[in-house]
Structures are given as structure tokens and as C-alpha cells.
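First the structure, then my questions, so here it is.
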Amino acid sequence: MSKHFNIDHKRDERVGFQEIVFGASKSVDQLSKIINDFIKYQKSVLCTKVQKKKAEVLSTEFPGSFYDEISKIFLVGKFPIHFSKNEVAILSGGTSDQYLVNEIYFTLKFFGKEAERFQDIGVAGVHRLLNNIEKLKKFKVIIVIAGFEGALPTVAGGLLPQPIIAVPAAVGYGISKGGRVALNSMLSSCANGITVVNIDNGYGAAMAALRILNLK
Amino acid sequence: MSKHFNIDHKRDERVGFQEIVFGASKSVDQLSKIINDFIKYQKSVLCTKVQKKKAEVLSTEFPGSFYDEISKIFLVGKFPIHFSKNEVAILSGGTSDQYLVNEIYFTLKFFGKEAERFQDIGVAGVHRLLNNIEKLKKFKVIIVIAGFEGALPTVAGGLLPQPIIAVPAAVGYGISKGGRVALNSMLSSCANGITVVNIDNGYGAAMAALRILNLK
Amino acid sequence: MSKHFNIDHKRDERVGFQEIVFGASKSVDQLSKIINDFIKYQKSVLCTKVQKKKAEVLSTEFPGSFYDEISKIFLVGKFPIHFSKNEVAILSGGTSDQYLVNEIYFTLKFFGKEAERFQDIGVAGVHRLLNNIEKLKKFKVIIVIAGFEGALPTVAGGLLPQPIIAVPAAVGYGISKGGRVALNSMLSSCANGITVVNIDNGYGAAMAALRILNLK
Amino acid sequence: MSKHFNIDHKRDERVGFQEIVFGASKSVDQLSKIINDFIKYQKSVLCTKVQKKKAEVLSTEFPGSFYDEISKIFLVGKFPIHFSKNEVAILSGGTSDQYLVNEIYFTLKFFGKEAERFQDIGVAGVHRLLNNIEKLKKFKVIIVIAGFEGALPTVAGGLLPQPIIAVPAAVGYGISKGGRVALNSMLSSCANGITVVNIDNGYGAAMAALRILNLK
Amino acid sequence: MSKHFNIDHKRDERVGFQEIVFGASKSVDQLSKIINDFIKYQKSVLCTKVQKKKAEVLSTEFPGSFYDEISKIFLVGKFPIHFSKNEVAILSGGTSDQYLVNEIYFTLKFFGKEAERFQDIGVAGVHRLLNNIEKLKKFKVIIVIAGFEGALPTVAGGLLPQPIIAVPAAVGYGISKGGRVALNSMLSSCANGITVVNIDNGYGAAMAALRILNLK
Amino acid sequence: MSKHFNIDHKRDERVGFQEIVFGASKSVDQLSKIINDFIKYQKSVLCTKVQKKKAEVLSTEFPGSFYDEISKIFLVGKFPIHFSKNEVAILSGGTSDQYLVNEIYFTLKFFGKEAERFQDIGVAGVHRLLNNIEKLKKFKVIIVIAGFEGALPTVAGGLLPQPIIAVPAAVGYGISKGGRVALNSMLSSCANGITVVNIDNGYGAAMAALRILNLK
Amino acid sequence: MSKHFNIDHKRDERVGFQEIVFGASKSVDQLSKIINDFIKYQKSVLCTKVQKKKAEVLSTEFPGSFYDEISKIFLVGKFPIHFSKNEVAILSGGTSDQYLVNEIYFTLKFFGKEAERFQDIGVAGVHRLLNNIEKLKKFKVIIVIAGFEGALPTVAGGLLPQPIIAVPAAVGYGISKGGRVALNSMLSSCANGITVVNIDNGYGAAMAALRILNLK
Amino acid sequence: MSKHFNIDHKRDERVGFQEIVFGASKSVDQLSKIINDFIKYQKSVLCTKVQKKKAEVLSTEFPGSFYDEISKIFLVGKFPIHFSKNEVAILSGGTSDQYLVNEIYFTLKFFGKEAERFQDIGVAGVHRLLNNIEKLKKFKVIIVIAGFEGALPTVAGGLLPQPIIAVPAAVGYGISKGGRVALNSMLSSCANGITVVNIDNGYGAAMAALRILNLK
């Protein structure tokens, strides 16, 4: 039988961060093999979007592992001991987006960055954003999450000078089900210089922030 | 040959306002016949979205008619002499949306309502909206136009208590070309109780405002 | 850990009605925390689209709460004692749309308005609408629900002079699955001055009616 | 060089009507060759959707030909001398749909059926349909054209017992531009037993009527 | 509480056939009430697309009822005793489409027409259609079902002279999942005079056939 | 009752390979009948996309059958004894695509071709492809699977001279959920002469390879 | 100023055929520079989809060049002197598809293969295909072009054993405008082992055929 | 008449760069007024996507202005005298994308950054990228443009550690017409931490780069 997985060990060298495992479409069996490959090379391994049932099996197989039920982040190994703080702010409109807030938060933590979370900064009550502007100006990168109509990054983009990474959330119903409206809204923003990642791609937003923070 | 047009003379009686003519997909010849039908009944007639070339021919045929090149509104007859003011405010994000601002403005004027226009209230500079809030609270109906990401009605909806009618404009490019992103964004708004009309349907927004203003 | 929820206590002051909780994408745990926050401020709280299983758990936690299984409206606290009547009529085509009829009905009830329901006014038997026209003319706002081809608001809009809020229902199959056909049909209506809300957004239609009824 | 066109001479034998030529995507040169092929076999030939400029050239080449500028039907040869009447009624909502009314009318005429046209039966004034119901009940087949929200076939379908063929027109703007909303609305109709043809396929509707009328 | 259902008792009189109940989006409770309403008027009632679990409960409540698990047709009452035969042929490409074959078959049976079924007439083996042409020419109406690329009605339409009603089936995967490709293919058919109903609308196809067969 | 299935026994003769059974939308009962038909003619039968639960029942009914849980291939009968090797290479980006790798692998095996699998040739680490180029040049046909952005066939197409069949996988989330992005990306490839099959159509890719390999 | 174009001189070596120039989105000025680069290296150069006006200017600049107005192929240099014949058959449904027939024909000719053209093999008259089956069986590769519903490759695929490359044509109107219906229909084909290229990508189909013919 | 334009003079202060004018949907008259407003405040003004005909009129009105016909950038005023270099690299696949290369180049130049352009780095010849990797590693921000299948950012993202901003170009035909395929492909990229802007939004990509470069 052919071989199914080769860790891209040189990714770190090439792009400055190690490979992460996308957990959603892999079976427990496949994930287990991959995690053991990482362990063999004495590396920690972070898996994203690991469904709860799969995480429960894996938690038994890998004692001491970490699982965040909200974001479905699964970690075998350890978060770094030292963190840099005040580099990334994560803004979101409310409780429904928390799964992405956490995916970003834990991915950055895995790479030694502790982000600050500003939740419930909903655009339907714009004062909540306005009240935080001075505080927000101190961060290097702003990540903004929104579902439904996805307007928050546009308002934030008109008020803040930093790099802004917009993350559409698959939160909504009717026409906004699945997150496409938020995605398209962010791409069309009349605020300048906002960049966007795929729907629910919290992990990708964290990596984009990391690429910026890694600049010398 | 069969007959092609019957004015719905009782519409006024049934729903409180007379029939308006959609000009975009009718030929000069067809429009001319319809206008003459109205004239026969001694009525003014308002045609929307009449392309410039067609309007030029019609202007010659109907001397004294009014044509607004920006909105493509064509009027044979007269605007009423007396207007009620301060009932409708029209908000928009900038110069590109002016064609809709005017379509709404002249349709309301045809029915005796003079709207006030607040242009360049762009969401990428939210202070421009905030500075006008007290002034805006005095109107009965707020009509909000936006193209691109269509975020303005959402921000307005969180700050103002009146009926808000959102009008998506076919202004944008790439993913927002044609106005669908603005439309979907408005429909998905996390602000409460906003209603929406079709893309570029300034006329419909004016009629919806009229239905509200006609309430006793 | 950061804080996840801040009630927008001033919304009432700004826009004339208090905040409502969107229940579909929140966990029982998250809803429970939010409801307790409202209780702390001695407010009733209305949650929309709370799935049955979640409502069962919450009903145990909050005894005396109200749950309508059809609309999935969950209320902790009380409906007002006094209602104004004859202000809103809700039209729908049949049994399949009842979940939206109820969502609108109970949301308006929460804000002290008792709506009248006209169900089974299907457009495939237009006499059912025609027979009710005189009765319908007495209401201030007409809310019209339709799934499938969404034609009912168009026919109603040609017969009634009041503000008409069209609500597309995610009822249908094949091409009309999910409610987009009804939504697009309503937005494209050749009847004048109809406004539209998102698919299944009964709550939003109720709030839009409220904005109109709150006009002095 | 290879041969480009073979008339399907046996189509008549197989399906009961001869081949018709789709003119929109063929050059004048290509149309000319095809028409000459028909002439060689002493047949009349009907071409649909022939753009005006192309028709002008062809009219010169084929003197005595017939061209309807509204429907863009081009005929070389003759309409039959005897017609059956009162078999097909064509309903439409107004002047903008006339191009399809005519395409259907002339196609049926080519096959010896003279249809009756009921124009301006708009659904926003449903009395115009109701007033014609008794008259309409006398036809064998009803063809209903509609653009925008496409609601007319649904209302007609609830009132009339005959075969109803719905034809969506590419008339509308914003979301209904191109005729998809009308098409989808017709396909989703809650009226029973309506069938639908492609957007702007007046010719196809005529042929479908013919298949019914040809039944013994 | 308001009333939820009114049988459209005059539909039979208006359009020649009685009302049928769409079962998919109604609860057991709602269906039960509706069925009892029909029973009260001593009518048989046919419900379409009743999911198996719901049918099991209803079968207990209405002993002697008929349920076809494949098409999900549920009948309370009786099929007529006498049938006309050889009026409708149902063509389909294979086993996967059988749910629609049966929905059409039983709906027609309810109205006293026994259709003949030609299954496994797949277009990828066109000889299977060619071998049946002479036999098929004897029917008055041809109903053709297809999923995937939906090509069968096009081939049949070029070989048969009768009215052809095409029914797209939600059978396929990848790009053809949900039946849209088959639907669009049928609408675009280069065969003449084919008409189309909504995806999975076997019931509608049967009613369209009935409208034709009811012609005097 | 009518007959539901006719094996297309002459397909082999016409196109060079026997019929295969699409299992996803057939019931256990339907599959069982079809398999028995093949057995009656002493043929092996391969069923694709047979869901696990159905396969478990069928495995009991047909002892000695083969089922691959990953690809959901179900075989009653035997794979050929002799294989030709080194004719087809299957490239894929990682573990998530394995279900298609196997569907292709086992389909080709059924027809006597043993493909070689190159898994984890992800485009985000292009060296993994570059390192295998010389090895890959020895195969007659290259099948390339990709989900997400579907870029792998484009890069491969610029480096390899053989026929390249691209297979989009329904692997991804957000905008790439369902495989459409990969499909469209492959169709749009700026590499020359790549051909594409439907999303998840591993079986079709295998058959396309077979058509090439069967050329004399 | 930076350099805009580098011929990929080694493409021939890598993949077995030289680079071709996509003409549609390049200006005359840009095309002229690129062609001169090829001339410098004494190579012939084939440009696809060069609009007529641009070709007229280029024809003057490069005397002796070849331009086919139907396919918009522009060649500077020479077609090879010797051709292999009987390797590729091009099937199409009629005159409207000729632009693709020619694009494929001339591209293959540029690479020394003379294809045979079978035009007017329309699927609505399936006998035209059946009559040619024996003749078609002699070719190595079959390329099938279709617009509208795109059914021809499916029927051909059930009758012929060779590699079949399906090319969707942007010929149609209404729902089939732009070629998507034909594309999706081909991808969904229930015939086995058909592969597909992008809409209007005649050039790509030719290259895919070439990859097969180049196999030893 | 109401006022149509207010320069957002404080944008510079808020977000670190001045307002830019979107020229595509404004008339010459509107652009002229806006430019004069900037002149009044002694500011240079950059307008994007100004169509050639409009630019010709404006060039006469504002002598000494700069217009780049390829990108349609129009500048009244001056580019800065001093530039920082080696901060941004712009990658693109070929001549067809040059309009975006230039839009980015001139926007960055307006803000004092001279970008380096790497054109013809097409993904179908991946060696052209590989040969430039060491050179590219020296830049702070990489902007990657691609039309068609949009694969270039994915390959670049796997080889380079810097912030990568992907810009989809509306270059392609058939399924990739309009740039959506490139956009979706970039959003779905399996390379980590790539961010994306709207189709053809070269200006936005430049501003996003500027937000990064402005970080202290």
C-alpha cells in the first residue's frame, strides 16, 4: 500500500512557521497517524476543526492533549511558555462568532502570540467600537470577525490605521446562511486596504497576522 | 391588431397613488403612445429610467416636459405646487449613488413630498453620519442608499428609530458589480427592522415611503 | 478570560425598542448566560429561533418561561398586559408558513401589539384574498408571508394602500428550496412600494412594523 | 471544406412540424446559405431572433420576405392562407413583453394557428385578469408571458383549467435582470400543472402549444 | 386562535381537479387536521412527499390509508375504480428516478388515469429509446424524467410528436447535485416544444398532463 | 408492475467496457436486485459510492464481496488476476483526498490496470511535485486530484507532457465547500490541454483513462 | 520600465508543444511585441481569440499572416507541410458552433494534425449521429462541441469507445446564455469517461487531443 | 440644491493616508468638481479606473495631469520626489494582467513607495517563479496578481515567508470570465496566511501593503 502522509518538515525553513493539520475531513485513524508522525519528530501539532466526537477518541489516545470545544482546536504537545502580548486584537460582533475568535486566539498562542479579544463590538451599536478606538490603536494587527452582513470591518477600517484582516463567519440565516454575504461584503468594502480570508478561516487569519508580525 | 396598453385608472382609488411608467424596456414609440393616453385623461405622467437618447426624442415630441439626466426621470405635466417638507430624508454614500438619490427625490416630488438629501454620508468615515443624527431624528422616513458593501443602512439602523428603507445601488466592481452584494448585505443586516427594495429601485423606495406617509 | 456579552442597554433609548436575542447559533450555555444578564437588569428577554432541544433545557433552568414550538420563540419574563389591536395584519398562504406567522405574532405581542392572522390566503385561489380586502383595509401595516414562488405580496400590493412588508419563507423544494425564489420574486414585484426582509426573518418584519407604528 | 448544414427534412415526418432556424448566433452569410437550402426544397423558412441589422441585409437579398422588428421574426416564403382561430390565447403584463407576444403569435401563424392576444393583463391590477376569465375559458391552450416577478401564470393557473405554458421574459432590472426570477417563480408556482419554457423562448412555447393542438 | 386551513372547495369547479396536499413541510399534527377536514366533506385526499416517519404515524391514525414508500405518496380514501389507459407514458433513465415515476403514476391514478412506465430508458444507451419509439407514439402525453445531465427529454423530443413534459430529478452528485443541471438542460433543449416543471415536481407533471387530457 | 432494470449488456461491445452501478441514490433493495441480475449473467459487478450502512447489509447478502470503506467501492465478484502496471499515476494533495484516490484505484483495478498512487503532492510545497517529475514522466496517463483551490493540475500540466485528467474533490470549507472552486479552477487552468471530470467523479476519471489506454 | 514578456522556450521540451498566445485580453501593441519575440527566435506563432479589429491592424504589420474570421485564429508563420489525417474527429450540432470547430481545426493543423469535421450532428435528430457511427469509430480521438443543453457528448459517449473530449459552446439564450448549462451538462453526463474543457476552450480541447496523440 | 461631496480631510489623521477617488462610476462633471475641491486644499488627487474618454476631457481641463492608459490611473498634482524602494514586489502571470500591475505600482508611487515588478511569472511554467525566490525574499510585502485559475498566490505562498496579498484579475473566459474563479481559488488556497482583495482591486492591495509598511 502506498504511503499517505509526508510532513513538510522544511516548511518552517521556507516560510517561517510549521505545518498545521486541517482536521475536518480526516478520519480519527488518519489524524492519529499524522499526529504520531509529528510526535516521532518531537514536535507539537495543532489540528483545526476537529469535530467533538473525533476529539474525544483522540483525547484518549493522546493523554494530556488540549481541546477547545468551541473552536474545535486540538493540540498535542504544548503551547509556548513565553508570549508576546499587545500585538494582535481580535474584534467580533457577539457570542455567535466565538468559535472563530477562539480558533484565531489558540492558533496565535501556538506560535507564541497572545491576542486580546474584543467581543460584542456589534456594528448595530457603533458606540461599542467608538469607545474602544484609542485602546485598539495600540495593536500591530487587527483581525475583525463578522457574520450576517459583515459590516464591522468596513467601519473599523475607516477608523483604524493598522493592517486589518477580515474574517467572514458562517453565521446567519436566509440569504446570509453559510457566510457568503459577509465574505462578499468584506471584499467590497469601501474602506481602504482591508484584506480578507475565506469564510471560517480563523486559522488563515492568524497565519496572515503572523506573516506581518514576523517582518523584521 | 390588438390593443397594447390600458391605463390602470383605478389604481389611485385602490392603493392611493396613480400608475407610473417603467421606461427602460419600452421603445420611444411605445412610450409616446402611453404618454398620449395619460394626456387624454388630463393626467401628468412620470416615466422612470428613460435612456438619454429616448428622452431626447420624447422631449421634442412633448415640449415643456422635464428630464433629469442623472436619474433618467422623464415627466410630462407638472410637479404639484405645494409640498410637504421634512418628511423624508435620503442618505447616500457619495457621488456615484446620485442617480438613485434623484430618482427618489423626483418621484416623491411628483407626489407632493419634498425630501431632504444627505449625500456623502459614507460608512468609511462614520463621523459624517454621527454628526447628522440629531438632524435626522426629525424625519418620518429614512431612505438609505448604498452600493459596494452596502453597510450604511446597518449603521443607520442602529442609531435611528424611524422606518428605514434600504436601497441597494448597482455601484461597484468585481464581486460587487451589479449591486447584489449591497442587496444581500442589507437583507442580512444585524440592525433591526430595516426593509429593502430591489437594486436600483429608487422609485419603489419612494412609493414605500409614500405608503407610510399616507397612513392617517 | 475575556467577557463575551454586553447588553446594549441604550438601544431602547436610541431606536425605541430593546435588544432581542438570536438563538439559533448560540449554545444553551451561551443563551443561559445572556438570559441571566437580562434578568439581573429586571428585563424580560425574547429569544428567536431556539431549537427545540435547547428550549427544553432552558425551560427547566428558567421555570415559567414561554416556548412556542412552531416558531421556536422562547420568552423569559412576561408579555405586556395591555395590547393595541387592529394595527397589523399578517397574511400567509397556508399551514407551511405558520412558523413565520407565529414568529411575527409573538414578537409584536412582546412589544404590546396584537396582530390579526389571515392564514391560507393562497395566491392559487385569489378569491380568498379578494374576499378579505375590505377587512384588510382597516389595518395600519400589512405583513405578507409567502414561500414557493412568493406571488402573494404582489397581488396584495395591487389591492391595498398600506405599507406592505413582504417576508419570504424557506418553504419549497427543487428550485425554490431555501426561499430564494420567494425573496427574489418579492424584490422584483411589479406592484409598487412593497418592501422586503430576509428569508425567514419574521422577527425583522415585526420590528419594521413597529418602527412604522411608533411614528407619531 | 466540410459541409455546414443539412436540413433535417424528416423532422416533419417524425414530430409533425418542420425545422425552424435560430437566427441570433448565425452570421448573415450563414443565414443566407441556410435560407437558400430551404428555397431549393421549395419550403418557406422561419428564422427567430434575427437582429435588425442582419434582417436589413437579408431583406434585400430575399425580396418579399417578412420581418417583424419587435419580435425579430424573419420569414422567407408565406404564411398559410387558412387559419384556425380561438385555439390559443396569449396573456402578457404589458408593453415591455410585446417582443415575446409577437414571437409566439407569428410562429403559430406560420403553422396555421391564429392566436388571440390579451396584453396588459398585469398582476398588480388583478381585476384585469378577472374581467377576462370567461372569455379565456374558451381557448384550448393558454400561453402566459411575464417578466419581473413572474406571478401572472400562478394567478391564471388558479383560475383556468386548460394547459398553461408559462414564458419568462428577460424584462426587469436589478435582481430580476435577465429573466431568471420570472423563470424560477414560474417553476415554483403553487398553482397546479403549469409548465414552463426557457427565458425568452416564445418560439418554444408556440411549438409546445402546437404539440397539444396536433393531438387527435 | 386563528383558523389555519380552508379547503379550496371550488378549485374543482374552477380548474377541473381538486386540491392536493403538499406534505413535506407540514407536521403530523397539521396533516392530520387537514385530512380530517377532507374526510368531513367525504373526499379522498392525496398528500405528496410525506416523509416515512410521519406516514407511519398517520397510517395508524387513518387505517386503510395507502402509502408508497418510494414516492412518499400518502392517500386517505380510494383510488377510482375505473381507469383510462394508454394516455400517458412515463419515461425514465433508471432505478434512481423511481421515486418520481411513482409520484406521477399514483397522482394520475388518483385522477383515474393509469400511466404506462418505461424505466431504464437511459440516454447513454440510446438504442433503448429507439427500440420503443413505435410503442411510444401511441400515447397522448409523454412525461420524461431525468437526473444528472437531463438529456433524455431532448433526444425523445426529436423523435416523438406528442406533448412532452420534462421532469428534472434531484439525482446526481458534484455539479449535478440537487437537480439544477438537469432542469437547466431541459429548459435549454434544442428539441422543439418541450415544457418543463420544477425539480422533483412529479405531481406537477401529472397535473399538467391532466390539463391536456381534460381538453375536449 | 413494470420492470425496473435492464442491464446494458451490449455496452461492452459498443464502448469497450461493461456497465458500472452508481450506488449512492439506490436503496439496498434496488442494489440487491441489480447485483443479482449481473450474477445471473455470470458477471462481476462494481458499485460506486455505496454508503457504509448499505454496504454492511449487502456484504451479508453477498458473502465474499469486497468493500473499501474509504472510497465506498463495493465489488461482487473478482478483480482480474493479471494487471498491467505503470500506465496510470494518481496524484493527490493529501489525506483528505484519499476517498477519490481509492475510487480511481479500484475502478482501474476492476478493469485490469494497477495504478500507482502519489499522495501528499500538495501544491503548497511544490518541491514534492518537482522531486517526482522524472518518475511521473514514465506513465501513460496522469490523474490529478485536488480539493480547496484545485491548483495542482495546473502546476502538473506545465511540467508533464501526458494526457492529464483533473478530478475536483469536494474537500474544503467556506467558499470551497462542495468542490466547485476546485472544479472551476481546473477548467480555467492556464496550463494547456488539461481535461476535467465532475466533482468527486473518480470513477469517470478512471474510465477516461481507460478510453485512452484502450487505444491501439 | 520592467520587462513584460518572456517566451517559455523550454515548454516544448517539457510538455511536447510550444507556447500559444491568448489574444483576447491583449492590446494590438502587446500582441505585436510578443509576435516579434517569436519571430526573433524564428518560430511560427499562433494567437487565439484575436478580435477582428485587432487582427486587421496586425495583418498589415505582419504581411503573409493567416486570419480565420470565424474562429479568430491569427497565425504568423506557416502551417506544417505534412499532416497526419484520420486521428481526430470534430463533431458539432450546427452552424452556431462553427467558431469552435475552426479554433480546434486550425490549432491541430498548426501542430500537424488534420482533423475531420462532422457538423450539424444535432442531438434533436439523433439519426444524424447514428448514421455516422461506423465512420467515427476509425478516429483516435473524438472532440464533441455543443451549446444549449449540451447533450451531444452524452449520446456520443454511449456509442463510441474512444477518448471523448467535450467542449461547451457559449451558444444559447435565457438560462443557457454563456455556455454554463452545456458545461454542467457535460460534466454530469451519465455516459462514462467523458472529459470536459472550459466553455469556448477549443484550443484546450485540441491540446488535450494532442497530449493523447503524442503518446507512444 | 444639496451639496454632493465633502472631502474626508481627517482620513489622513485617522488612518494614515488621504482619500482616493474611485473614477469608474462618476461623470466627467462630477470628477471635475471633486478634483477642484482637492486643488482648493492644495492637495494632489489620485483617481482610479478613469475611462479613457473621460481622462481625455479631464486632461484638457487639468493641464500637467498624469494618465496611465493601461491602468486608467489619473493624477492631478505630483508624485512625491523621494521614494523608498525594495519594500513591495508585484508578481503577475503575464501581459493580460498589466492593468493591475500598473494600478498598484502608481498607487504605491503616489504614497512614496516604488514597487518592483516581476511580470510573466506564470504558474504554468513554475521555474519562472522558482528562479526568482531568493530575490523575492528581500521584499517586505508580496502582491500577487492572477486571472484564470488564480493559482500563482498558492504556489508563492508555499515558498515565501512574507505577507502575501492576492489580487484576482478579471482576465479569463468561459467559466473564469469576470475573475470569480481566481478570487475563489485565492480564498481557498491551501497555502497558509494569504489574504485577498476584491477582483481588480489593485488600489486596495496597494493600500493594504501601505498599512503594513506604515507599522512602526
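Which chain is which? They are A, B, C, D, E, F, G and H, in the order written, and residues in each are numbered from 1.
Everything that follows uses one rule, which is that contacts are C-beta pairs under 8 Å (C-beta built on N, C-alpha and C of every residue); 3 or more make two chains touch, one makes a residue touch a chain.
Since the model is a prediction, treat every value here as computed from it, not as a measurement.
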Joint neighbours (chain D and chain H) are B, G
Comparing which residue numbers chain B and chain H contribute to their contact, where sharing over half means same and under half means different, the two sides are different
Set E-F beside D-E; more C-beta pairs touch across D-E
Here the gap between chain G and chain H, centre to centre from mean Cα coordinates and rounded to Å, is 34
In whole angstrom, the CA-centroid distance of chain A from chain G equals 45
Two or more other chains are touched by the chain C residues 11, 14, 122, 124-125, 157-159, 174-176, 180, 183, 187-188, 192, 198, 201
All chain pairs satisfying the touch rule are A-B, A-C, A-F, A-H, B-C, B-D, B-H, C-D, C-E, D-E, D-G, E-F, E-G, F-G, F-H, G-H
The answer for chain B against chain A in the complex is residues 93, 122-126, 130, 148-151, 154-155, 157-159, 172, 174-176, 180-182, 184-192
Contacts from chain G onto chain D in the complex sit at residues 94-96, 98, 116-120, 122, 124-125, 127-128, 147, 171, 173-177
The residues of chain B that touch chain C in their complex are 11, 14-17, 20, 140, 157-165, 183, 187-188, 192-198, 201, 203-204, 206-212, 214-215
In the complex, chain G touches chain H at residues 2-6, 8, 10-11, 14, 22, 24-26, 30, 34, 49, 168, 170, 178-180, 183, 198-201
